[in-house]
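A, B, C and D label the chains in the order they appear, each numbered from 1.
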Amino acid sequence: MCGVTGCFLSEGGNAAYYNYVMLHANQHRGQESAGICVYDGLRLVGKKGMGLVTEVFSREDLDELTGPVGIGHVRYSTTGASELVNAQPFKVGYAKGELAIAHNGDIVNSEVLRRELEASGHAFVSDTDSEVIARLLAVELTETDDVFEAFERVMDVLIGSYCLTVLTSSGDLIAVRDPWGFRPLWIGWDDRGYFVSSESVGLDVVGVGGNRREIKRGEVVWIREGEMESKTLRRERKAVCMFEFVYFARPDSVIEGRCVYGCRKRMGYRLAEESPVDCDVVVPIPDSGRTAALGYAERLGVPMEEGLIKNRYVGRTFIMPEQQERVESIRVKLNPIRDVVEGNSVVVVDDSIVRGNTSRQIVEMLRSAGASEIHFRVASPPIISPCYYGIDMATYEELIAHEHDSDVEAIRKDIGADSLWYLSLDGLVKAIGMKKSELCIGCLTDRYPTPRPEDFEGSSEVEPIEQ
Amino acid sequence: MCGVTGCFLSEGGNAAYYNYVMLHANQHRGQESAGICVYDGLRLVGKKGMGLVTEVFSREDLDELTGPVGIGHVRYSTTGASELVNAQPFKVGYAKGELAIAHNGDIVNSEVLRRELEASGHAFVSDTDSEVIARLLAVELTETDDVFEAFERVMDVLIGSYCLTVLTSSGDLIAVRDPWGFRPLWIGWDDRGYFVSSESVGLDVVGVGGNRREIKRGEVVWIREGEMESKTLRRERKAVCMFEFVYFARPDSVIEGRCVYGCRKRMGYRLAEESPVDCDVVVPIPDSGRTAALGYAERLGVPMEEGLIKNRYVGRTFIMPEQQERVESIRVKLNPIRDVVEGNSVVVVDDSIVRGNTSRQIVEMLRSAGASEIHFRVASPPIISPCYYGIDMATYEELIAHEHDSDVEAIRKDIGADSLWYLSLDGLVKAIGMKKSELCIGCLTDRYPTPRPEDFEGSSEVEPIEQ
Amino acid sequence: MCGVTGCFLSEGGNAAYYNYVMLHANQHRGQESAGICVYDGLRLVGKKGMGLVTEVFSREDLDELTGPVGIGHVRYSTTGASELVNAQPFKVGYAKGELAIAHNGDIVNSEVLRRELEASGHAFVSDTDSEVIARLLAVELTETDDVFEAFERVMDVLIGSYCLTVLTSSGDLIAVRDPWGFRPLWIGWDDRGYFVSSESVGLDVVGVGGNRREIKRGEVVWIREGEMESKTLRRERKAVCMFEFVYFARPDSVIEGRCVYGCRKRMGYRLAEESPVDCDVVVPIPDSGRTAALGYAERLGVPMEEGLIKNRYVGRTFIMPEQQERVESIRVKLNPIRDVVEGNSVVVVDDSIVRGNTSRQIVEMLRSAGASEIHFRVASPPIISPCYYGIDMATYEELIAHEHDSDVEAIRKDIGADSLWYLSLDGLVKAIGMKKSELCIGCLTDRYPTPRPEDFEGSSEVEPIEQ
Amino acid sequence: MCGVTGCFLSEGGNAAYYNYVMLHANQHRGQESAGICVYDGLRLVGKKGMGLVTEVFSREDLDELTGPVGIGHVRYSTTGASELVNAQPFKVGYAKGELAIAHNGDIVNSEVLRRELEASGHAFVSDTDSEVIARLLAVELTETDDVFEAFERVMDVLIGSYCLTVLTSSGDLIAVRDPWGFRPLWIGWDDRGYFVSSESVGLDVVGVGGNRREIKRGEVVWIREGEMESKTLRRERKAVCMFEFVYFARPDSVIEGRCVYGCRKRMGYRLAEESPVDCDVVVPIPDSGRTAALGYAERLGVPMEEGLIKNRYVGRTFIMPEQQERVESIRVKLNPIRDVVEGNSVVVVDDSIVRGNTSRQIVEMLRSAGASEIHFRVASPPIISPCYYGIDMATYEELIAHEHDSDVEAIRKDIGADSLWYLSLDGLVKAIGMKKSELCIGCLTDRYPTPRPEDFEGSSEVEPIEQ
């Protein structure tokens, strides 16, 4: 996953600062690298680095990135290794000047497109989809000055998820959402100018008030000389990622008009209705299971208690030394409160189960803290297939639901709970409040809105792209 | 505030790793600097640095700090500037070898003691109380080999709060809690050896089971050659810091036999009983107000909702640029969910109010998110005086309750809420479940269990310490 | 200027280490950035960074760059800003795999070539000539698998100086010297494999004995599967840079069969013959003027004295604060010995004068140290024009000889010496011992062996490169 | 070895900058750590770090160290491990305020003094002699405000070499040279204020003109409120380190009125007279043997040639990987010029031989470069004993002259030269031009001007220092 931002200040100012603040609000979408690129009136200048936004940028860095238009990116790698060369925004010089691109998503046919470009003699410096998009765009913009025309051709060939912010050395800001609408992308405006952010919380934090909307699927927004123009260039069937609602997005974000917090609360209600338990206490897995747990407890009329405490300082850098007896990695992150669980029948609520290791450790930990019964409730259906659109869900083999062939009883035994219930697909869809046909639920059904990457393998005839 | 740890591995092993893990569990007690010092069989070797435990120590660092006995420290400065020279453990060489000391607390008469040592020709390299203690201890240990005898004399002169872990170049580990018992200090043991940690969560994370207890006030625990010996050397009236229960300690910690989470929940109950509101929703200030809010909502039978979302990545390093219009520092940390508050009468629950700035901003933010009424409930009484025992509560002038002379109505107006209620002192004491006379409530009453630092000023006759 | 290296270990081993050692021997050719790229048996992996070879690479870095074939680069920027993105080796993925390139030199028509590639839709990530070469090469290697055929086409269009080492993901090492032979490039071999280095000192330091030779101008050396094949693809008139002999190369290097030290000594002899002075002492400007000064003094029979002492620790990072009175930047680098110069008629010998500022300061400094007469002797002719082939000689305007229109008397007055003599062009050529027509002396005569960059400006018709 | 500096600006200004520049000029005296401490009008503030002066201090650092009085230090460790805690200036707070101390030298009886202080209850944070001096000084200054009186008592007990600069929180600058005068220390003054530097080159670089002199042995210079006062408090027999002249000091420095360059040149003359060779060429070991080689060659009338070229970029950080065949560490530093040595009878001149390893490798290298004969000439007598006064000459066991019991023929065989000659002690003394009785030649004769450290061992009665 990744987050993208953009900012066009009509009256001048420092776009880097606003991007910094918006990236920080989207930080949960990617902690591996961060970058900002601005138009300084003449050229594109940028900085990117490994780590959090606050680690990559010092005050001096932000002061040096002067310019009224800019884009930003936070990255969690799904394609491309964890190296600085793969960090974004990705900047290139081409026939008409420079362009920089920030991308959230995964292109399903990127290997094909890359091979086609290579067959024409193009060479790549990174492993990323973003470079594929940037090179395709440079090819098209070399042919035409019309951004819409160029994107029409680029969107003709791109299959997969892509929310983009693009910056040109003419000082234009472009925002694009793919024709399926997999991932969120917002735009807001006021007297200061235009602001683009993956999630609506980015607009909240820079104080953009009522003038805001989601960029539509297939829409290209082109802001130049302070004027915004927009065209919807291509539409496929709507396929909004259900996992944004379940886990990925911040609860205070709005996606497709729905408050994510509310959706999660309703998942908790549904879960209680589908699978009530005569229990003493409901305990969330912090922080991801908390909202659904609130809903579950409220609907059942049972108290919710914070029976598992999360260490706020757990991060990428904790060193788990092997030599230490009896120090378990789960304990470093989560610690149970004996007073809450001892002698009690406990319902544990989490948003989802991917690999299952953590769930198993939590059950064990609660058991040893004295819980008499442990009922595991999951606010989404079993994940049985990988995500091809930007969420790192591992391969088939690693998915616990795939491993047990969706046999819930087998999974229950594996994690050691006294009972286990996954929210039904129907319940999930109702909680979100969109039509099932408008959601991407590929990872739950193995049926995807686009061909899968492997569907392009062996496509024998690689033709050079027409130029 | 600070956190201290210690570890004595009877069968050998790497004490640095265990200290690292325990410090990480105590990280909330201090994020400014971290340090570990171990006895390598010959000498004391250590590393300390500015930042979080995970930032200061790499795997290589931990591998190099080999030795079966060691102590650790995390620091949030109350005395001494934020410089590496003030980081701990503080190590010195003296007549009998070396000793290192880690200290949590504040010595009320440290200036007097320092001047006395200086009058005898002693010179100091840092500004810390810890160096004062270390030099006093070195003086006494030069005279006697009996650790109890040495501490008896040191504890005779030290006034204030001090939980100490001490390491000597004989490979001894010593743990000390002051005669008032202001701050927590735990010891646990099993077949691996002895483990000391400010909070009980440190013992949880290294897997120490049932063999554990709080070190008593005035107690010195001396572990040498694998044997633990203990003496209670001095007792003053019990004065456990109420703020550990209210805010400072982790909810999963146990202090004086009481689960902190339970105390906070009961503060919520009491608050509901003292000041119920006919409201639509109860919203906690995350994360500190959540447990009390749960109690408040449960007692009133009103739903608690997470109406304020905290950005998990806020930390020391966020840069708040001045040039940005409409970007407020509060928004970077907290964002309201409009769906939860709009049109509703909202009760906001926080653990305490110190300066009041954040409270004011939160009220404004909720108001602009559409709350019809905002009732502020605080799970502790007004703070009217500074803390002299290690909590950074600012000077009198900065305390909002002091500024308004404890006039709750004036404070309410200042922060802009529709109503405001502080938990009564009686309610707080009952929620904690200890006798009022056993708690330090100096910051609530301006009556302290020891003389204050200013009481020592002008003490004209400075006599050299006898040697 | 830059330095390039390459290494192919027939029996396996760590090519990164050998490149590291050879780069260190070529460090004087570029101190801005350093990089190494190796073939790890599957892919190309590398590291590059700003600073000296010893600053960029740690032992861990070298251990991680495992692979038997690799190339290296040290850079002093002439094109492209001082940024990491411009550091080399430059690596790309293309239709047939990956290739990495290290380049010493300057391409005169790189702007034209870049515009042609861009017109075909290519996009660039850096400002460097090296990326132009890499993209041209990728285009050609996409068409053919024959390295010689590909380079034939690339060399058809490249005008300027280029010594290249190239690494492919087939594990081939390629070394190329341009058809004019501007800059040196050596290859050596023994039972360990093949070693390529800009200067012969690189081969000395890895212990390559007698089996070595200079790569010929226009020659491409292709090493694959342990076999070396070579073809001379294109020849222009020989144009070896005279400044390599005068200043740039290490004195212990051999260029075109000539020991650089010997050439410099002979420049001193010639200088003495052309312009003897009845003086007390000959003083070199350390370290660049020392060899010529030895020759000058020996021929005149006057003692040479080290009357100016250089601070060995002067480097990129010295901060020259403005606020300090009477601290001169020249004094930080050079300090005169009063005993050597006081009351004496002094001949000062330097290798060349570019901007003249340093010369002026040295004359002043010696004057104030008591020299009775100061005679400046320069071991090369006046530099009147820029270098277009890789040496950073500034623009016309900055050259002192250009400023004074080659009027030696005017220059003498400007630097304040009692007399000034530049070695004649004829003397220089004789000292080097090559034909005048085989040397590039463009900066001395304003007549260059190729068109200049400005000769390509306004070339209106930019045609896409055929593909 | 170390270097110390100090600066008192009468009219205000930034003393840190001047110390920075002077430390840079003394950088050859210590490359391990660097530090500056200034009086900011109220307190002493400083920075120190591992590495070169230019690595430790950024422009921001220097800007932050504002204050008109300051001291500086560069360190090459002789006592104390290579750790930041041992870096200087060493700063302490004591009864009257603060003091910081920078020390060049070695205290012979520091262990005794330390034990005495410890017996009185003092505790130490470092391993350095400097802390011993600082604590002794703090003890005495606690008793008296008269700096001379305090130093009189301190100098009564200190045995060994010490050049000190001291800074107090009254803004006083104090400079002290030990009663033997082992190491150099200069003071200069002009309208800007006072400048102190280990070597005279420090004064050159800040532009101090004629008003300068060496601080006398046993002298204390006290500068306060812009006035300088001086007293000579104690005198022992003069014992100036001969190795400063031979190797350690910069050639452009003046010590005891003698230009170091001239002394070295005369060592070369003497060497030629004592041991002339009928040779083709004289080759110096760069850079240390160059001046003596010039003298040797001049006196013999044989040309000196730079037949060994030193890589200017060799430093602390070069990684010598073990896996590499045929890469010798000597080659990384020095490379012979075949044209200069092939077929020739070569005289190699170095300043001294300590361990002999380098000499052996050089002889081998010249032999393999074709030298027909190799005659080694050393510009100082054999080193047979350690230095106790600050020069890191290793233990007895490591000294090649000690190993071979001063048998020159045995040493010759060991290093493989055709002949070997060491300058006689008489020749050395005459070249320096001081009386033999005024030089410290302990490392040449095993007879030292003070007791040795081992002479204090077993001194049974350790009495507390009187206070």
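The rule is simple: a contact is a pair of C-beta atoms (placed from the backbone, for glycine too) under 8 Å apart; a residue touches a chain by one contact, two chains touch by 3 or more.
Fair warning: this is a prediction, and the values are worked out from it, not measured in the lab.
Chemist: So which chain is the furthest away from chain D, centre to centre on CA atoms?
Modeler: Centre of mass proxy via C-alpha means gives A as farthest from chain D.
Chemist: Express in whole angstrom the distance between the two chain centres, defined as the mean CA positions of chain A and chain C.
Modeler: That gives a centre separation of 49 Å.
Chemist: In angstrom, rounded to a whole number, how far apart do the mean CA points of chain A and chain B lie?
Modeler: One centre to the other, that is 37 Å.
Chemist: Could you please state the distance in Å, as a whole number, between where the Cα atoms of chain A are centred and where those of chain D are centred?
Modeler: One centre to the other, that is 61 Å.
Chemist: Going by the contact rule already set, what residues in chain D reach two or more other chains?
Modeler: none
Chemist: Should the pattern of chain-chain touching be classed as line, ring, star, complete or other?
Modeler: ring
Chemist: Mind giving me all the chain pairs that touch?
Modeler: Once each pair is checked, the touching ones are A-B, A-C, B-D, C-D.
Chemist: What residues on chain A touch chain C, complex-wise?
Modeler: Of all residues in chain A, those touching chain C are 91-95, 99, 115, 118-125, 127, 134-135, 138-139, 142-143, 467.
Chemist: Could you pull out which chain C residues touch chain D in their complex?
Modeler: For chain C paired with chain D, touching residues are 13-14, 17-18, 20-21, 24-25, 27-28, 31, 52-55, 57-59, 62, 192, 201, 204-207, 250-252, 259, 261-262, 265, 287, 290-291, 294, 298, 303-306, 309, 311-313, 315, 317-319, 321, 323-328, 331-332, 335-340.
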